[in-house]
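A, B, C and D label the chains in the order they appear, each numbered from 1.
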Amino acid sequence: AGPEPVNIREFEAYAKATLPKNAFDYYASGANDMITLRENRAAFERLRMRPRILRDVSHVDTRTTVLGDPVAFPICVAPTAMQRMASPEGELATARACARQQTLMTLSSWSTTSVEDVAAAAPIPKWFQLYVYKDRELTAELARRAERAGYKALAITVDTPVLGRREADVRNRFKLPAHLTMANFAGAGGSHAEGTKDGGKDSGLAAYVASLIDRTLQWKDVQWLRSICNLPIVVKGVMTPEDALVAMQCGVDAIWVSNHGARQLDTVASTIELLPDIVKAVNGRCEVYLDGGVCRGTDAFKALALGARAVFIGRPVLWGLAHSGEDGVYQVLELLKKEFEMAMQLTGCTKLSDIQRSMVTHVVSYQSKI
Amino acid sequence: AGPEPVNIREFEAYAKATLPKNAFDYYASGANDMITLRENRAAFERLRMRPRILRDVSHVDTRTTVLGDPVAFPICVAPTAMQRMASPEGELATARACARQQTLMTLSSWSTTSVEDVAAAAPIPKWFQLYVYKDRELTAELARRAERAGYKALAITVDTPVLGRREADVRNRFKLPAHLTMANFAGAGGSHAEGTKDGGKDSGLAAYVASLIDRTLQWKDVQWLRSICNLPIVVKGVMTPEDALVAMQCGVDAIWVSNHGARQLDTVASTIELLPDIVKAVNGRCEVYLDGGVCRGTDAFKALALGARAVFIGRPVLWGLAHSGEDGVYQVLELLKKEFEMAMQLTGCTKLSDIQRSMVTHVVSYQSKI
Amino acid sequence: AGPEPVNIREFEAYAKATLPKNAFDYYASGANDMITLRENRAAFERLRMRPRILRDVSHVDTRTTVLGDPVAFPICVAPTAMQRMASPEGELATARACARQQTLMTLSSWSTTSVEDVAAAAPIPKWFQLYVYKDRELTAELARRAERAGYKALAITVDTPVLGRREADVRNRFKLPAHLTMANFAGAGGSHAEGTKDGGKDSGLAAYVASLIDRTLQWKDVQWLRSICNLPIVVKGVMTPEDALVAMQCGVDAIWVSNHGARQLDTVASTIELLPDIVKAVNGRCEVYLDGGVCRGTDAFKALALGARAVFIGRPVLWGLAHSGEDGVYQVLELLKKEFEMAMQLTGCTKLSDIQRSMVTHVVSYQSKI
Amino acid sequence: AGPEPVNIREFEAYAKATLPKNAFDYYASGANDMITLRENRAAFERLRMRPRILRDVSHVDTRTTVLGDPVAFPICVAPTAMQRMASPEGELATARACARQQTLMTLSSWSTTSVEDVAAAAPIPKWFQLYVYKDRELTAELARRAERAGYKALAITVDTPVLGRREADVRNRFKLPAHLTMANFAGAGGSHAEGTKDGGKDSGLAAYVASLIDRTLQWKDVQWLRSICNLPIVVKGVMTPEDALVAMQCGVDAIWVSNHGARQLDTVASTIELLPDIVKAVNGRCEVYLDGGVCRGTDAFKALALGARAVFIGRPVLWGLAHSGEDGVYQVLELLKKEFEMAMQLTGCTKLSDIQRSMVTHVVSYQSKI
């Protein structure tokens, strides 16, 4: 797999050079003009670190918990569909790498390995990401399987009543390769397991979603989900303080600030810019996570300074898989962990609670001083 | 016509590759440095959507009315001159595509098909865009013909006492191709029907305007127009709240915020940035429309959130014509309608009144939160 | 000279393609990183026009006066040295073109044609730009010659105690070509007429300035100038309201806001951004002019809206000369006049006093409305 | 060495073309995405000079003192490691050039010439930059050697508990070339003198730092340093007003605002943007210096206007060395001195105390005036 990449961007470049276009485009692209995709990165780059000096940083402790479960560092794995397109072992490789790094993996409903097989692959807390299908019984059964398999929480994705328009996938008429399936639906009727459908001129995944996913999903369905399984519920895809408040009222267990990796509605704000208002609305009543554009240790630091409990990464894991399977994911996590540790050391922090709100500011804040 | 474009930009690229330079440049270009042309797009891209989640979006109703007439969705067709340069059927194709999509077409005074023929082409409400000529009787007769032919409103273009300087047209010495005429002036004396004149080193259309169009047009002429026909009057080209207030006093029926597709005075603001102040001044007393740079469903959504009743598109229709005539215009409208529907679904809106002011914000608004 | 350029930038491109590098670089370049050079243009582009509609613009009157002398439009010619490098007729061509256009020319002290010959070339008000030499008698005599030759004002350049570092000139070891001289110093002793000196590794003009120009120039010398001739005195190179106030106290006749075409100190602000504060400080007590980056009719409009009496152009005249001598300068002025007239028509202005402060705003002013 | 460069950027281009990649990359690069590296320059470019006119600038006095020692102009030399990679004479050449220019050199702990040899090379005040090693006795001895050799102050670098991640060095597996050593540690045990270690896939210098440098360094160690030698203590690497206040409490002799040339933690602010708050906190109680991105005379001017006593340059010295050793460093300093003098002349300043706070402003400050 060539020389080891020195940053996430190099992992991505490797993936671009080696994956089939169909797969790389599906992984890489964002909705429409990809303005939010660029903003997810650019917004992190507009924030400035404010380092404190002359503190003993010989020992740095990056450990924390998410919903009570320990992780070695606050960078976890977001659910991304169809990981076997990146590497034969797919989700199994991801699970094993997370176990080695002692961080949390979130398995996608649309995994190409079943929820049970992934659970068996590695003995470490995992979450299960749930898409709610029109077929509610199928959905309930999926949630219960996750519970039985030992997953620790359900992350309900609420930003996908329809699939965002990723134009590369439309051009490619994206289809899940024939040798792969949506493994969690192997036993389900209809075309659930096919993963994509004939979209005509559209993306095959968009057609799949249009046909099978429930567009009527509402806050009251969160109660329903609670009634069918005992797992804590994380709402993935919150983008406003208004909805964070509703989520509090519904008693959700955690809020996951996400714009779905800029793949759903283009020109929504970057997640790091959305975070402060949501953290303020939540006001400590539950944990708040963030994903979107995280690919530097300083990104994680910034999100924590602005109130996130942990961050999740989507595409970087796929680039790791494409590079060298389990090892690649391990390296990606190692890289980010090390960068994050260095960010702590170079700001004078030795434990996560040392990461203060005042350690991050917006680049424009300096204008008024001059 | 090759593979179907996946967005408006690809329709434009196709037009650029296939139209004669003379025609494409006339359609595409803006005044002088084209700063406003870029701003019309860039300003939309600087706005952020604020999506609400967990609402039942299984049924989306995009219907509305403009001046009382129903349209299937709030994206209508702005008047653009000389459509037969893009496709043999020209304005007839546009009219038929609008009818199939049930949206409103505005016919230009400078159409290459007569007002009567376009009316006959498709049974659907249409507006007529009026340029006021020095020859007032000719002008009055044109307005009356539109009324007789069943057009539902007159859109008076007020931003063109002289033609803006589109430098590509100057370089090209732009002329309407010999086989085409300004069809509405077939019976008129002089050179009215020629469409362009010998501009020497200038654009032939600029010379035409200088010779024939009335530069003395004033607010009092709005009364005159009212006296000569019974159609509601829309003032197209309002750019300040000051003029919106005058328009209210003159009792106009609607205000159309437009910078003429950035073709008149360079460095005027983008229309989406002009909109809020004008909406505030109008304060609900009449409908307000916007055109300029709309080429994404989210653009329409943003304009509606900021107070527009509907948006109009100019160039995208021309790119559709150039691609495949009536079908191309149909596809362009379909694309925008679908994008707009998706923008509604992904913000939790099921009817136009769900589109709230708070659902759009400026990207810089996030700076002060960090 | 090829097809007639349609804008100033095309005149410049022509000059770049045809002039010797030594000359073009001297004309085109700015100090050091040329940040201010770009800003002089960019700042104009950041301003937005606010057009009023439905006003009778059939007759537009662009006439005004500068220091009491009539000009056909408020775009005058700034002093630029060594015009014969651009065209054999040099300053004579410029003078004749200005006469044909009825606008004001300012002759540089460093002209390659004498003050008397330029005066004789064309019967129209002119100003003389004065550099103060260490040799004060020589300086006084030069001022008196201008007075005798009928020049109407002295523009004292106050921003050049040393010559700004234009790095292209340093690389080129810039020298005035051997067949040309600083014609006003033909009779002077020493090396005054040579125009440049052996600068070793430096620009030959920088060496000339270092050797001959008076670095001790102070406000009290303005009194001295007044004592030696009777012409009104314009201070060219004011960049702060603080100095504008001092100028008022010294009783100068007019203030010329200039950063010397971004050729002296890099990273000073663009002149259009400097203007408002200075206009405010002057508060109507004298005329205020602006130069720097003007190359569109809208630029002139913006400067007038922000309080300038007139604008001056430097490089565009040189590009006109390089293109086709007197005719080229005539065309450049014609182009700008026509663009300025169109800017007036498209904002609903028919006389200069219609150009209101409220007709120009900064692009960022729209952010707070959304 | 080709034609003499006309600015620092050209010196850098020369270095890039001639140095081994390993060395050039080590010198040039910054941490990670090099956002701060670009910002160190960009932030200077966003500041605007406000020149005063008509002041006698025939004599300009740039002299000042740093910690009481005279320098001919307020641009001094920052410590940069391993100068013999750029030129055989390395630190000796730098010392001699500084002596010729009468400015202050700061010698790095990691010099490739010993502290004593550099002292002997040129009779002029010098500072010694101290890295604190885990081996405290070794550290103390190094400080004492500097004192004995006549250095006038200790600059303690506090921003390097671990080495920032410069990705080019990781890719290059950077190593100090075999013929060079960290000359100050020739007599020390272990691998201190090797300068780099086998970093595996990492930079050899990062491994060296990880193994030998003391990560426990704290404010109390400043007292310890004071106890082991009598030199004034400068804290190099202050980035917040909070830490400046602590430094005051610890009684340090001067504060050096630095982000280590953007080589430690990426996305910290540019130093010039950090300066004002720190100057305000210090409130005149000690001298404040700045380094980072200074490569124009106006940069030095801006830093002084915002409260710095002097600025220091890192990379420009290395580019001078690479160009022509001692002469190159001399030329670099000459260039900056001359640019700085010109900045003073063109703003009407003849002595450093003429450089006022009001002479520098942020480019965005002009927006609100329009």
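Operating definition for what follows: a contact is a pair of C-beta atoms (placed from the backbone, for glycine too) under 8 Å apart; a residue touches a chain by one contact, two chains touch by 3 or more.
Owing to the predicted nature of the structure, the values given are computational and were not obtained by experimental measurement.
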Chains in simultaneous contact with subunit C and subunit D: none
Furthest chain, CA centroid comparison against subunit B: D
Proportion of interface numbers common to subunit A and subunit B (over half same, under half different): different
Whole-Å gap between the CA centroids of subunit B and subunit D: 59
Subunit A and subunit D: spacing of chain centres that average the CA atoms, whole Å: 42
Residues of subunit A engaged with two or more neighbouring chains: 47, 361
Complex contacts: residues of subunit D adjacent to subunit A: 32-33, 35, 39, 43, 47, 158-159, 161-162, 164-165, 167, 170-171, 201, 215-219, 221-222, 235, 237-240, 242-243, 246, 264-270, 273-274, 276-277, 306, 360-362, 364
Subunit A-facing residues of subunit B, complex: 3-4, 6-7, 44-45, 47-58, 296, 298, 339, 342-343, 345-347, 361, 363, 366-367, 369-370
